[in-house]
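Presented sequentially are two complexes of subunit A, the first with subunit B as partner and the second with subunit C.
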Partner chain A sequence: MFYRQSGVRHNSYSSDRDLFPIPADRYALWFFLALGIAAPWLIDGLYLNSYMLPWLLWTAAALGLNLLTGWAGQMHLGYAAVMAVGAYSTVHAVRFGIPWEFALLIGGLSSSVIGSLFAVAALRVKGLYLAITTLAMQFVMDWVLNHSPAISGGSHASLQSPTFALLGQDITSDAGLYYVALGWCVLVTIFLLNMRRTGLGRALVAVREKDFAAAILGVNSFYYKIIAFATSSFIAGVTGAILVATFYFLASPEQFSVNVSIQVLAMVIVGGLASIIGSYFGAALILLMPGIVNGLFAGFADMVGLQFGPETLAHIPNAAYGALIVIFLMVEPMGLGKIYGNIRDYLLVWPFDQMKK
Partner chain B sequence: MDWVFLAELTVNGAITGLSYSLFAIGLVLIYKSSSVPNLAQGGLTMLGAYVVLAFSYELGWPLWVAIPLAAVIMFFVGLGIERVALRRLAGRPIVMILMMTLGIDIFLRGTTLAIWGGAPRPMGLGVSYDPFFVGPLLLSRIHIVGALVAIALFVAFMLFFRSRQGIRLRAISDDYMASWSVGISVERGVGLSWALASVVAVATGVIWGEIQGVDQTLSLLLLKGLTVAVLGGLDSIVGAIVAGILLGIVENVGSGYLDQMVGGGSRDLVVAAVLILTVMLRPHGLFGRHDIERI
Partner chain C sequence: MKLTKILMQVAAVALAGTATVSSASAQDTIKFGMCYDLSKSYTFITPQITQGARDLADLVNMKGGIGGHPVEIIVQDHGNEPQRGIECYEKLKREGVFVFDTLSTPVSIAVLPRIMKDGNILLQSLVGRGDAVDGSVFTQVFPVGPTYWGQVVNDIEYIRLQNGGSLKGVKVAFFYVDYPFGQEPIEILKTLAEKEGFELGLFPFPLPGSDQGSAWTQIRRFNPDNIISWAFAGMHVVAAKEMKRNGIPISKYISVNWLNEKDIASIGAEAAIGLKRGTNVAGGQDVPIIAEIIAELYDKGKGNGDRAALNDVYYNTGVAMYSAAFEAARLAVEQGGFPVTAETMKAGLESMVDFDANGLMAPLTVTAEDHGGGGKTRIDMWDGKTWVGQTDWIGAYTDVVWEVVKESSSKFKLE
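For the complex of A and B:
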């Protein structure tokens, strides 16, 4: 019903290759983009910077991991370590006196280099062993961060991020910081949307499905695995840097610990592998869930008249977070993106479902 | 070079390493039968220790009642996890299976801490902390107990794998399809391996709970246990024991000398390095089966 296909005729090759052949998808996209731009006027500053901004940035991070795990099929349990590389090198570069624009590039590129080291593991092994290796590399990175005062300012210390500035303008207002996050997230989204229909995207999918078979077809899986790792690490690095610059305002090793790696992977899985809109949903669910569960649980406890210790209340969101991942994998392994796809497919033919059967 | 220092590091390392083997045996049991890398073993270990404490500490029962009772409960917990969560994921991509075990791990840790709280508690096994000298070497009693338990479990599983049920499990680990076609209940076998791994988790939890106290850090044994399991070959119990001794020695000697250089805390680094090197050089480990992939 909403997704009308009538009147969609392709008269040229370029229209046939449209990103969104169905007008409704296009309108929805413009609508949500407009909503995103208008958000500072619609939403209170506190909500804007404590919900919308991290949501957009974690979405960008999840999209970067999705490129690697969803499209190229490579496991990565050390994603937060790569984000840390970008964040720390950017902050150090800025403190050294380099403008933010170049510092972000430096952060992204250094992440790419370190991330490609992870790819060296991917060239030797895959699947489970790759996951284990990247996990070990995450631990190595944690150790390096915690034991090299030159990088992190020492164990349990933090590195203050200088005021964020673009094009010589200091950006300190809520709306300004939010627009930076929005801009970056939109950039990453556009990149991924278009990557799907390029040779690169198809080659990545071929490598995902079976790397040996891809090699037989002439796709250099060695090369594309490195490309996938480098690209996703670049996104991770810049996201990490923007996260520190606009949200945390200081960098500390705990922000990039192994739990964060697992969290980003959870966003990707809950959202759906190789689903762009799913990454948005997944990031939102994983980020908002602790607050919601806490609220629900406190309300429930009030209602029944039970008293829970602070420790119980502190750990319930964690348990719920684990349960959420488990339930999602049991009920809908393809994630929220698939659920959205199902609804869309249903509405596509809605009053005339008999056509499907 | 101080030979006594080196010998002490080596022997203590080997004994500590055998306690890591305890953890690794749980991983190996599950991987052997179903090719599932059980990243929830840390959570299971923690849960096992807390269940023992719930009986011994809160109900005041003696430990020789509490530990077997906890083992029985964990046996069914393991069965339940396999039945509810893992069975549906058979044949799914490995990333989903990994994420499932990670999710279970987070869930188990969160639930355990929500119920019993996170403050460290003693296990109260009653092993004395008095120094124990063999010649000039200073050894830790509790680690020796852990090593003995690991060896006992190893012998028990070696015998088990010669029994009728054990041969079924071995058949399942060799070939899913072939075992199905000769009438072995693969599901039941895999469930049994989860149950046994959970029982092993109780043993691990008790020993390590005594060593470092029962709290959240029990689940951090995962990295070391995983390293031992990978180094020995993920589907080899002999490998778990041998690799445990090896890793323990490398870790203890390596960090014993490295700590003096970098100022402490190099244990995890040595373990992670061993893990990365193993996967890079010999992914199937020392005794694991080398699978050749088909297109």
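For the complex of A and C:
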């Protein structure tokens, strides 16, 4: 009814390979893209730059990690460290006088190089061992940042990001910064949507499912794992750099610490492995939920007339937020993306699904 | 029917934004935004400081507020995450707050570019980057109180006084947790060691601070006359245990200001006798303003929390921090009238002269150049029941401290 399949006929191979064969999906996509573009006129600057902008950028980061963890099946607990490499190299490049466009590329490439150099060592092991090895990368990076003032700008200090500019145009307005985030997030999404139907995407899935079975089929699993690490690190590096340029305005080691790595991984897992829409949901839940639950709880306490101290008010929402994650994963272990999929599948045949029973 | 109404209200509140707790809610108030970490790393201090600040605000309001206008303290949790700290800043900014306090180094660093750009005021006593005391560079930032650099040189001055005015041949161990907070005093200690001729030993230990065995074995071999410690909370308890094991008397231990009665209780009030602590705030309850809060609020059951929490030097710290903030607001109203703006508040802060909140803290003289207010501290000793001041307020080696401050702040450039 809502996702009508009638009238969808494939007359050529290319139409058969459409990303969204069902028109309703396409309309929804265009609708949300239009909403995203119109957002600066629709919502207040606070929500635009303190909620929407970080959400889009963390979604891009989660998508990058999803490429590695969801598609290629490789655990990574040091993702924030890779983001840090990109952020610091970009800011240093810009301070050196290189324009932002190239600096972002440098940031992405240096992340890519360091990420895959590390992967060459890490990929000698698999599964949990790989997870722990990538965690080591995170700690190495934390240590390097804390102990090399030349990179981090000194102890307790931070590296100021120069004003963000694209094509010689300084970008300082709320809306401008937001569009940069939106543009990058859309770009990453388009890349991942298309990657799924390329040889690379299928090779990654083959490696994920069983790497020696893939090898028998002629897919060099080590090579594709490195490709996955390099690509995901590139996305991480550029995202880290844009995050610093448009949101933090400076780079400091705490922004890329181990708990950030865990948070991004949580976004991917809560959202759903290898699910693009799931990454959007996951980032929203992990990033925005603490604030919203906080607001709900404070409002509720206010209304019922309960007097809570500020500490209680800070702790109970944390518990509720944790419970929320557990409940979502119990209802659907495949993540929020799968919950959306289930609803869509239901509506696909509704109201005729009753006829089967 | 009623349930749906409640649900709709809840939804409306959720849409309106995140949690805030306010002590007063009139329109003509002077607002102070506390974006604090009430749930993660800084919870060993934030509850007491929040309680102190809110109690002081209530006391001030009972007496008619500042120039007839009540003060309002808005508290919100940011969980020590830069992203949520920025969210809190942006939200409170739109609610008319222009004086912010984050009490978290990562978050104060994260909101710094926005504070400078928006021309608001950031109070960052005891946290954040130390070079922010340089008012000529960090025009909007007020780290009222000592920096870690100022604190450590005052510790050295105390040791010098104890040794009859000379540090020649004295051995000082610097025991610190190996991350930026602990590393900060190293450079200035090296400078002083060269200048004063004492022998300095560096003894780092890793986070989270429960593994200090090797550091203490090395300190025992070094056999120092004094140990300056840059650690906090439970780390002190582990240190006390290790000192006992290595036969080092606890009276050699001079802690940074982050040590309170709770840590003392964990060490054991008797076992901790002789332990020393650098501070810019007088401990205990014999201070006039603390006694007044107890008489006016807690004796009448109007306090903002548990009475047991009052016997904590961090509570006094909270009262001290906000005494200075309210004094600045009073000066601002006096000079620039109501409503107070970021500019008049800045002028108010910069015209504070020898303010010590009636004996609660080291006298502060804030100027446009020195946003730290002089950075005086003293050494307190635990006598088994309370803190006993060992010296007068010290502000030593200011030239050395300012050299480091200038060297560091000159690298800061707002883009």
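Here, the second predicted complex is superposed on the first by the 316 of 357 C-alpha atoms of A that agree within 3 Å, B and C clash if a C-alpha of one lies under 4 Å from a C-alpha of the other, contacts with A are read in each partner's own complex, and residues count from 1 in each chain.
Basically, a residue touches a chain if its C-beta (ideal position, glycine included) is under 8 Å from a C-beta of that chain, and two chains touch if they have at least 3 such contacts.
Keep in mind that this is a model prediction, so the values were computed, not measured.
Undergrad: Report for A:Phe212: first if it touches subunit B alone, second if subunit C alone, otherwise both or neither.
TA: In the superposition, A:Phe212 contacts subunit B only.
Undergrad: Contact-wise, after the overlay, does A:Glu311 reach subunit B, subunit C, both or neither (first, second, both, neither)?
TA: In the superposition, A:Glu311 touches subunit B and subunit C alike.
Undergrad: For A:Val140, decide between first (touching subunit B), second (touching subunit C), both and neither.
TA: Once the two structures are laid over each other on A, A:Val140 reaches subunit B alone.
Undergrad: Which partner chains sit in contact with A:Tyr51 here, subunit B, subunit C, both or neither? Use first/second/both/neither.
TA: A:Tyr51 sits against subunit C, while subunit B stays out of touch.
Undergrad: Quick one: is A:Leu128 in contact with subunit B, with subunit C, with both, or with neither? Answer first, second, both or neither.
TA: first
Undergrad: If you stack the two complexes on chain A, which partner ends up touching A:Met303: first (subunit B), second (subunit C), both, or neither?
TA: In the superposed model, A:Met303 contacts subunit C only, not subunit B.
Undergrad: Same subunit A residues contacting subunit B and subunit C, which ones?
TA: 146, 309, 311, 315, 317-318
Undergrad: Could you pull out which subunit A residues touch subunit B in their complex?
TA: Spelled out, the residues of subunit A in touch with subunit B are 69, 73, 75, 121, 124-125, 127-129, 131-133, 135-137, 139-140, 143, 146-147, 210, 212-213, 216, 262, 265-266, 269, 273, 309, 311-312, 315-326, 329-330, 333.
Undergrad: Can you name the residues of subunit B that touch subunit A in the complex?
TA: 37, 84-85, 88-89, 92-96, 98-100, 102-111, 113-115, 117-118, 223, 226-227, 230, 262-263, 265-266, 268-269, 271-273, 275-276, 279-280, 283, 293, 295
Undergrad: With touch defined as at the start, can you tell me which subunit A residues reach subunit C in the complex?
TA: The touching residues are 46, 49-51, 54, 146, 153-158, 160-163, 247-250, 252-255, 287, 290-292, 294-300, 302-303, 308-311, 313-315, 317-318.
Undergrad: Using the touch definition from the top, list the residues of subunit C that touch subunit A in their complex.
TA: Interface residues on subunit C, with respect to subunit A: 6, 9-10, 12-14, 16-21, 36, 38-39, 43, 46-47, 50-51, 75, 77, 79, 82-84, 86-87, 90-91, 94, 105-106, 109-110, 112-114, 128-131, 179-181, 183-184, 304-305, 408, 411-415.
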